[in-house]
Amino acid sequence: MSFFEIKGLAKSFGGLMALYDINLSIEKGEIVGLIGPNGSGKTTLFNCISNFCTPDHGQILFKGQRIDGFPTHQICKMGIARTFQIVKPLKRLTVLDNVMAGAFLHTNDEKQAREKSLSVLEFCELSHRKDMLGKDLPIADKKRMEVARALASDPELLLLDETAAGLNLKEIERMLEIVMKIRQSGITCLVVEHVLKFLMGVSDRVMCINFGQEIVTGKPQEVMSHPEVIAAYLGAEYAKGRLH
Amino acid sequence: MGREPIKYIIPGIIAVALPFVLPGYYVHMLILVLLWITLATSWNLLGGYAGQVSFGHALFFGLGAYGGGLLFYFFGISTWWGMLVGPIWAVIVAIPIGLITFRLRGPYFALAMLAVAEVARIIFNSWTSFSNGAVGIMISRTWGGNKLPYYAIILAIAGLALYVTRRLVRSKFGYYFLSIREDQDAAEALGIPSTKYKLYALIPSVFFTALAGAFYMNYMAFIQPDVVFDLTDISIMMILCVMLGGAGTQWGPALGATVYVLLAECFRTIPVIKEVHLLAFAIIIIGIIMFLPDGIVGSWDKVSRCFARPKAAAAGAAGQYEPGPEAKEGLRKPEA
Amino acid sequence: MLKVDSIDVYYGDVKALRSVSFSVQPGEVVALLGPNGAGKTTTLNAISGLLRPVKGKIYFEGQEISRTPDYAMAGLGIAHVPEGRRLFPDMTVLENLEMGSFIPEARAKRQDSLEMAFSLFPRLKERISQKAGTLSGGEAQMLAIARGLMTRPRLMLMDEPSLGLSPLLVSRLFEIIDQINREGITILLVEQNVVHALKHSSRAYIMETGSVVLKGTSEELIDNDHIKEAYLGV
């Protein structure tokens, strides 16, 4: 029994088939990367897992139990947390309060939630920003706060949606370090990413999808040299090693 | 926590002593102020903190008032029992309404609540055998012209509403309300069951609004559907108080309510404005939206925070800036 | 063609731009680079009238535009493709493009503009009646650029067009930027993707914390040590 499994997942919007027969299984402690051209269905997949949309067919199993169709908040309670591609800070709350919103999941006590939040903020190197309002943060800190908030809910599986987008080199490196720390603390991750430096740096395995279907899944190097992946996603320039 | 009670003692003493030193007319004003403080504070729980803007809170005020009124009308029981029955049946009615309307967001929710309140007004107006219709219900006042007991009661109610607000906001409930307000989807993704918590905000909000309504029945001794279920004079004015004072703040609604009652009284005594008092309030609302969107207390926080932030101070915040139109409205603030 | 002369811009109380100056000659592609928070988007917003500089001036083709409002910019020949695309999600691809040619000068040439847009972006023609909100990130970026082109600009301001695009699309995007430039449109490009930006521009300015700290031809800058270390991780 895999830690997390997707079987035969399909989802269409109107006439458009966003996902078609997606199969994936993730072992505990792994970091799996998910790549694919824009419009290939990556965000739809995340949304199906966290039930922002309901799959038409297929099953999603977490620790052996089916979770497809469960309400979003329940999925978080069961141990799956996510970040959003376009960050969703709680704008008029401070960074600390943002993280506390996640920390209250497993406690009713304000003091406990606060302690947990402070330690998560330290883990994500955001302690110095704790009293700043969510809306005033620079983009790199917003992204880290999004991760911190998800971590505060004590997930076993973390879905990271384009966490490195819009970050410059140094910020990407810092985010990488944080994700490695997250893995070390035993949390499994599924990562959607276009920033290949980040993706290659964290992933144990990578799955590439296009038009809602899997092209290939395997070790990062294998996937990056797969001809279809190059044609649809990387482009010849990247493949020739000229960039990044 | 030890220092906290102290700062309430002096105002508390003043509040208790006032009615003894002021003539009847002023005590009446104070009672109105406290009534509106209760209304504004209770609306603020659902609208200001949880972000669910209801345009139909008159429904609960009216239900609270008629709670006592109907007891008297049908059973001859004292309307004081309405202080118990009113809030309870208002909450019972509110829960299924909430379960349905909370599926709607933003302006749609506001309109749905408005519609429900209007439906109630029409029902109470037309179903004469149930409510005595548009004629209303009249009772004789328990304490005649003596306002002191009424003052004491409404003071206790307002104080309780403020206290409950404070306790809720500083707890898990408060964090969850604010999260739902700021971004419901993000809140759900953090494990917050948004419908459940919207109900948790609705219940005390309805309870205190209805309690205020029940008090109104006993104090004014006369209610009519067109008064207690009124859209403009109840539902919208509750919102105006909160906007003026500052939504989502502890004391904003109370401040807004005080200003509102005093202004309304002023308008009542000035010949021309008396007829167009709604126009005057409309202008005030426009002014709030344009210049003080966070209300008086809400903007106060912002200003004091500006001075506290070292970054802003270093950048030489001293005067001399003219933000472009977009920045001023805070509409678009790009990340870079 | 464009001259930015020592502008200071504030966001609330915070000074976002400090005495920023640079220029863009007709026909060039100039890149504006730097880390997040440096003020690159703020600069573009100041040029296109969304923000007003407190000090300093901005000139376009000799005319001062520091106080020109944003809605007048298209008429002057400046197109702004904002960060995050900002399409009209409930309008179709065609409608979004038509909105780009609203001004009289552009409306007359609408058919020509549409043909040019579709030849540059054949994918858009396939999706012509699709609602813009349902497009993928890459398609949305193409549409945003095409919409900018519909105003028949002489100067195009692009804010992080490569954000969120797959590597393949990023390459295509810069090919398209080259092509647009060959058609005679001057481009001022804000980018995080330093490598591509330097490869496809003639000159560049590096901004950090609200000021221009480095400038030069792109060839020079690719070899510059500070750039290599800070932005290329070499």
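Think of it as A, B and C in the order they're written, each chain with its own count starting at 1.
Just so we're on the same page, contacts are C-beta pairs under 8 Å (C-beta built on N, C-alpha and C of every residue); 3 or more make two chains touch, one makes a residue touch a chain.
Fair warning: this is a prediction, and the values are worked out from it, not measured in the lab.
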item: Maximum centroid distance from chain A, chain identifier (CA atoms); value: B
item: Core chain by centroid distance, with centroids computed from Cα atoms only; value: A
item: Between chain B and chain C, centroid-to-centroid distance (C-alpha), Å; value: 48
item: Mean-CA-position distance for chain B and chain A (Å); value: 41
item: Distance between the centres, which are taken as Cα means, of chain C and chain A, whole angstrom; value: 30
item: Chain C residues counted as touching two or more neighbouring chains; value: 36-37, 160
item: Per-residue multi-chain contacts in chain A, two or more chains; value: 138-139, 166
item: Residues within chain B bordering two or more other chains; value: 333, 335-336
item: Contact footprint of chain C on chain A as seen in their complex; value: 13, 16, 35-40, 85, 138-140, 162, 165-171, 173, 194, 196, 232-238, 243-244
item: Interface residues, chain A side, partner chain B - complex; value: 50, 52, 71-74, 76-77, 81-82, 84, 88-93, 97, 100-102, 104-105, 108, 110, 113, 134-135, 138-139, 142, 149-150, 153, 166
item: In the complex, chain C residues that touch chain A; value: 35-37, 134-139, 160, 163-172, 192, 195-196, 230-233
item: Chain B to chain A touching residues, read off their complex; value: 170-172, 175-176, 178-179, 182-183, 185-194, 248, 333, 335-336
